[in-house]
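Contents: one structure, followed by commentary.
Labels run A, B, C and D following the written order; every chain starts at residue 1.
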Amino acid sequence: MCGIIAVADSRNAVPLTATGLFALQHRGQEAAGIVASDGSRLRVLTGLGLVDEAFPEGSLKALTGSYAVGHTRYATSGDGDLRNAQPLVFEHVHGPLAIAHNGNLTNARTIRKKLETRGAIFRTSSDSEVIIHLTARHPGPIEDAVIAALRQVEGAYSCLFLTPTKLIAVRDPLGFRPLVMGRIGKARVFASETTALELLGARFERELEPGEMVIVEGGRLRSLKPFPAHGRSAFCVFEKVYFARPDSVFGGRTVQTDRQALGAELAREMSEIAADIVVPVPDSGVPHAMGFSRASGLPLEVGLVRNHYIGRTFIQPGQAARDMAVRLKLAPVASVLKKKRIVLIDDSIVRGTTSRRIIGLLRRAGAREIHMAIASPPIVAPCFYGIDTPSRAELIAATRSREAIRRFLGADSLTYLSIDGLLRATGGTAKDTCTACFTARYPTPIVDFEEPGLIGSEAGGPAADQKARDARDQARDADEEDIYI
Amino acid sequence: MCGIIAVADSRNAVPLTATGLFALQHRGQEAAGIVASDGSRLRVLTGLGLVDEAFPEGSLKALTGSYAVGHTRYATSGDGDLRNAQPLVFEHVHGPLAIAHNGNLTNARTIRKKLETRGAIFRTSSDSEVIIHLTARHPGPIEDAVIAALRQVEGAYSCLFLTPTKLIAVRDPLGFRPLVMGRIGKARVFASETTALELLGARFERELEPGEMVIVEGGRLRSLKPFPAHGRSAFCVFEKVYFARPDSVFGGRTVQTDRQALGAELAREMSEIAADIVVPVPDSGVPHAMGFSRASGLPLEVGLVRNHYIGRTFIQPGQAARDMAVRLKLAPVASVLKKKRIVLIDDSIVRGTTSRRIIGLLRRAGAREIHMAIASPPIVAPCFYGIDTPSRAELIAATRSREAIRRFLGADSLTYLSIDGLLRATGGTAKDTCTACFTARYPTPIVDFEEPGLIGSEAGGPAADQKARDARDQARDADEEDIYI
Amino acid sequence: MCGIIAVADSRNAVPLTATGLFALQHRGQEAAGIVASDGSRLRVLTGLGLVDEAFPEGSLKALTGSYAVGHTRYATSGDGDLRNAQPLVFEHVHGPLAIAHNGNLTNARTIRKKLETRGAIFRTSSDSEVIIHLTARHPGPIEDAVIAALRQVEGAYSCLFLTPTKLIAVRDPLGFRPLVMGRIGKARVFASETTALELLGARFERELEPGEMVIVEGGRLRSLKPFPAHGRSAFCVFEKVYFARPDSVFGGRTVQTDRQALGAELAREMSEIAADIVVPVPDSGVPHAMGFSRASGLPLEVGLVRNHYIGRTFIQPGQAARDMAVRLKLAPVASVLKKKRIVLIDDSIVRGTTSRRIIGLLRRAGAREIHMAIASPPIVAPCFYGIDTPSRAELIAATRSREAIRRFLGADSLTYLSIDGLLRATGGTAKDTCTACFTARYPTPIVDFEEPGLIGSEAGGPAADQKARDARDQARDADEEDIYI
Amino acid sequence: MCGIIAVADSRNAVPLTATGLFALQHRGQEAAGIVASDGSRLRVLTGLGLVDEAFPEGSLKALTGSYAVGHTRYATSGDGDLRNAQPLVFEHVHGPLAIAHNGNLTNARTIRKKLETRGAIFRTSSDSEVIIHLTARHPGPIEDAVIAALRQVEGAYSCLFLTPTKLIAVRDPLGFRPLVMGRIGKARVFASETTALELLGARFERELEPGEMVIVEGGRLRSLKPFPAHGRSAFCVFEKVYFARPDSVFGGRTVQTDRQALGAELAREMSEIAADIVVPVPDSGVPHAMGFSRASGLPLEVGLVRNHYIGRTFIQPGQAARDMAVRLKLAPVASVLKKKRIVLIDDSIVRGTTSRRIIGLLRRAGAREIHMAIASPPIVAPCFYGIDTPSRAELIAATRSREAIRRFLGADSLTYLSIDGLLRATGGTAKDTCTACFTARYPTPIVDFEEPGLIGSEAGGPAADQKARDARDQARDADEEDIYI
């Protein structure tokens, strides 16, 4: 996952961009980067780690200009090197071009192979480099080249492009990932979440619409809708369940309020449970637990204390070490837990291993009963749109029954929220929400990947899937003819 | 402030000590250090920053042995250099001796001057070096030298001393700072808080008593009570209000539970306030706000979201920069706050500047009324026992009336908890608690400092103060005769 | 300038390559890098600074495999960032490909522009990336692609290419830059200079011939001559005058011996000078001065002592600071210099500013007469083949008369070696030596650059130049037809 | 060994001191430090490594004031940590006091033990801390305290003391280590060698005399001779043979000229050797070889090339690794050496292991005969005055016969210079020179050390030794009475 931000038409473009990255730090902590334009040249600085670590004191002085684009990166590929840190900057026929990309493409590998057979050379393993290559093979002004390039890719992309004189912001036609715009005086700000606008004291204007492209140049702003309409959108519900910051606002709804609503829905769906207290897994499960407590009337208690100082240095491989890692992060409060029947709330379960360790901690601290309550449905399928979920084999709910999961966790009961509850609490519908991780119904074809279980799930999907397959077939046809390679 | 820990009689003394420091990280983030004994030599490693930063990967391999003492340091003097980082290690007539000290002495400067006139040379500005000097001037076994030294100092000290073959743990006669002991199998563990025992999976045995000295040597443990009795004790109530970790247990009471009780007391004392919601200042005010919410029936809402990624690099001097610093740390949630009458809860107010900025954030986010509610009394006097409160002049409650503070904060009302409420909620009495920061009644003479307001307050103190003055006079007499200088 | 090395078919390929880089450190101190193949993947590590700094302790463990290629880089472009550090690694239709390149191309910019119009994107500003692009646009096996690519470029290149299973070493048809091969047991070693073989204890086998390509694969070695013959070669005489290490052997001749011969030739050409002692500018002028002393009978004296510890930190901009920089590096020995008539020997003069400062030092130390003697001809033209000479405008001998230079230096006389003397001392002829910096006669067309003075000089060149122009014209024709772009 | 420098009464005291350290870098490369006074406070900065590494860019801005003292440290104790880095700064009854010390005391351990029994605590293992302790135990003005302290110590010390308002420079009564003074305008400069004055453009005034103390205060300079006269002096001849920089001047003689004279003496003493060429071990043997070549008429050749880029990272333990380490540093020039009868010149032999490896290199490069010629006598005894020679057991000449050494080295012959030749070439006499490493006759008692072989040698010494023993006995008597402890 990644966070992106741009500031245009401001003398303070670079420091504003850097500051704004702190409000997007939760979207990526592996690397950070900023590219700036002084009107004729692009200069880029990238570094590993948190924003603070990536930009040592004084380093940002090397960047000047009134346009800047920033990126925080969550290494989905796992190789923690600088090569893939964004913004990526290349030179080509259109001159220098930088890209900061949030989301994942689902046909990048396929295009990359084709590009390679036609002479392209690649420096990174990032799907974003594919987009740059495609722009390089189209004549005409850079915005046309970007449009032509994006028409060939599928999947999730909220992108910021920077040339020496133009800033281009785009959101993919299904609008998987968020992208908002705002103003500080005359300056324009684009960012993944409203939190960055808030931090900078920028006025929120609106979200980019799915499929919208906004071009800022010479103090002016143009908006285009260059992509064919899909008849639906697919905003990632997992942003609301877990990923986004609680104070972010999407579609006029505050994320934290949606999370409390998820907890409240869950309380309604498990009204028969007899318990003494509600305990959240901090920090992610806190708003859900607040909603659950209010809807159920059960008191909310802090049964686990989170330690923010975690010894990365001391985390060693091995089972005992992983147990210690959980203890470093979460400390049980025995006086709260002892002899209690507990509803333990978390937002979701991925592999189940952490939940299992937490339940172990609670048992050893004297809990009498532990009812695990998850404020979202089981995750049954990997995300190909940017969330760093593991492969199907590692997703506990993709391969095991509810009862098997409960036994694995060591809980007295296990309840997941229903899909209907999920959509009701977050104000979404099947027509405007991507729930692929919970349903295996992917809104786009997944050209690059061939996981049998997936195809099956996809095949059983709703009409939208047929459309997606049609679109894919058409894309393939187009591919043969006029792909700019 | 500081955190201290020791592990004795374990092959893993060094890694256990290092790991335990993470559970004491909140007590000091400026520097960390570990000293280890292999039976004949002491080896020490200190570094600036968090434990993770102070000990780069692999660095701890340089330390070996079955005894280790660790320290996390909160720079009270403000000079962020390594010279004062503890444990301090010196060589003297007793051989090598290391000290890790939590607390502050109130007559160290006076003794230091006297030592200097008799030929002592000082390397650090730390009061802990004074203790080492005093031990060096006494013959006999090291434990006698430590006793003789500590009999000459006044103030707060929970100390861990290490020689190549002995570990000595001491708590001052008034017991200002905590110190607990426990076991992992045969190994002994001493630590500032029970959280470190929990983290290491150690069994809690008991707190050291005020004035107790415990010596671990050759696998055996001896306990002494070498100091004259004071007839009272003086555990720091601010540890409970703010400083200690919420899951720590002091005197059988969990800190978090005491904090909820402080909030509940406060709710009772301000029952006439008409409000819609209770909003905590995160993270410090959360348990107090939970207690307030329950006792008052007002709903608890998350109106401020804390960002854990803070850009130290980007914090610049100046008013605008400090406003930005608060925004980087705390983001208001407009949908929660808008048009609401808010009880804003925090544990305490020191200078008032941060509270003022937070109230400004809430106002701009649309709050209708803001009732500032502080779950402890006004801080009217500096701490000389280790808490890093500023001088009297900077303490807003030491120089301004309640109404003047309210105006400064920009709140619609301002309520502090009463002293009685404070003691009731935390289970303390005037006989066993230090409330000097709230009352200016210091349990010991403050030899080193001459702040007129203080002397006045002290002079007006209760009988305990007379005892303290008597003790001081006796100490001074002793000084003339047999001080080992 | 750069140094390159490869080791093939050795379990110790990576440590041998790293060690060998120390023997090539004089060829580039700005950055260093190593790429290794484990048979299926290439892994690369690059870092800024000297080899020691570029590869922090333990870092090379990340590289494994029995093939490795290393590079030391002398930043000719001046931008000290890692982006241009070699080996460069790209992925393309042939899979992963790495390049380490010594030398400069003279038509790279022109090709780059053309590639960009056909969709190529560039990550670096290095001419070496152009070669990779050209290989990517040719089908067939990688060695054919490399040949096809190199047929399109002009200028100087000694290159090492690495794929997961093949090592390819090439020297350009004119053989500007050195490249030698040797063996350690079964392992093959390629390196810029014999010094690297010596250091590794490798047996020297032979130099690669100009235009030769050697392929190591599966334990076997093939040699090709895939380029059209030029009828001449053009080994850089400046390698012998200054650049190479004194213990390197080129064409069976030890560099140091050639340098002594240059000094001896110079002594013969200035036999009329009356002087007391010969003083070298250390370290570069020492062998030349030894030769001069022997041939002239004048005693060699150490009048300048070199300090190897130079305070980069303290070198500030400004005239006074540059004077200090010279004094930091060179200290005059007053007792040697006082009242003496001195022949001051250096290998060459570029801008003249350092020589002027040294002469100032000698004057202030009491020298009576200073006769500057340069063991090579005046540098009148920039090098486009890899030596980091400045532009024509900064070359003092390109724009000023002999007498004007003497006055600028403040010398009593100034003598340069003749071209004939240069060739005689180094055993070269106009048919096998590049003397372009001394004669402005470039052995290849300089497509990328249009410096009027240069074209003129070139036009006045010998028949070889006509051939070069013919070759260029042919290349351009070919360009139109079958360039693989 | 160490280098020391001070600048007084200059606005640029700190940058001048830092720059001057580069001219003393050869005297110590393990750590560097600077202390400065702004008139009321001392501020100190120390760092590991070369001056460049110890003071990262910008770091010196933290130091201000018109007095500064600098130090480069050669770790004689081997523990490369910062604790012992000088200048050491302590606070005591006289206020803050800094010391920078070159040389070693011979009764420091004995005094330290005594101090410890009287209550002193030690932070470092340095003998310099003993001096500070002694000053702290004497009343009166600081210069009297320093005199009283130094009267109690024996051995070698050139010292610079700094208080907030005074600079004190002292040289021990025997003048083992150098110390010179000079001026830049009104500013005063003190330094270990004249090279530092040269570099700063300071005018050389004179050497401090043995036993002289110079005090700079309030723009004025006082000179005292506070120590009892010894009737002799003992300047270290090894400074001339090897340690000092070649361009340094001691007693009006340039070191490099003395070294050439040593070579010339050696040539005379081995006139019967038949050889073809003279080859120096670079860089230390070069001036000696030049003198030898001139006196003998044998041609000087560069048979070994020194590589200044040495891979500390890659030096591993083990025999093969040490051979590689020598090859990294020195490369043989086969074309020079092949079939030649060689006189190989070095300044001295300590353990003999490096010489042995070099002779091996020459043999493998084809040398016919190798005649090892050492331009100083055999080193038979350790230095207790600051030169980092190893213990007697490791000194090859202390335990083996000349013939055994020759066999160990693998040379065809081995010649050392005679003591008479040594003194003749360097212009010294037994009355003004310390030759203890060559003769085992120590000019002072060696109280701290009891090495049987030493006592024997010393006992067999000349009348000077009896004087030394008398002085020691007197010192011991004094010790009982009025030592200020």
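Things to note:
Convention: contacts are C-beta pairs under 8 Å (C-beta built on N, C-alpha and C of every residue); 3 or more make two chains touch, one makes a residue touch a chain.
Just so it is clear, the model here is predicted, and its values are computed rather than measured.
Path length between chain A and chain D in the chain contact graph, taken as the least number of steps between touching chains: 2.
Chain geometry summary: the mean Cα position of chain C and that of chain D are 40 Å apart.
Centre to centre, using the average C-alpha position, chain A and chain C are separated by 49 Å.
Multi-chain contact residues of chain C (touching two or more other chains): none found.
Contacts between chains close into a ring here, every chain touching precisely two others. All chain pairs that count as touching, in label order, are A-B, A-C, B-D, C-D. Of all the residues in chain A, the ones that touch chain C in their complex are 89-93, 116-123, 129, 132-133, 136-137, 484-485. Of all residues in chain A, only 15, 18-19, 22-23, 25-26, 29, 50-52, 55-57, 195, 198-199, 201, 245-247, 249, 254, 256-257, 286-287, 290, 294, 299-300, 302, 305, 307-314, 324, 327-328, 331-336 touch chain B in the complex they form.
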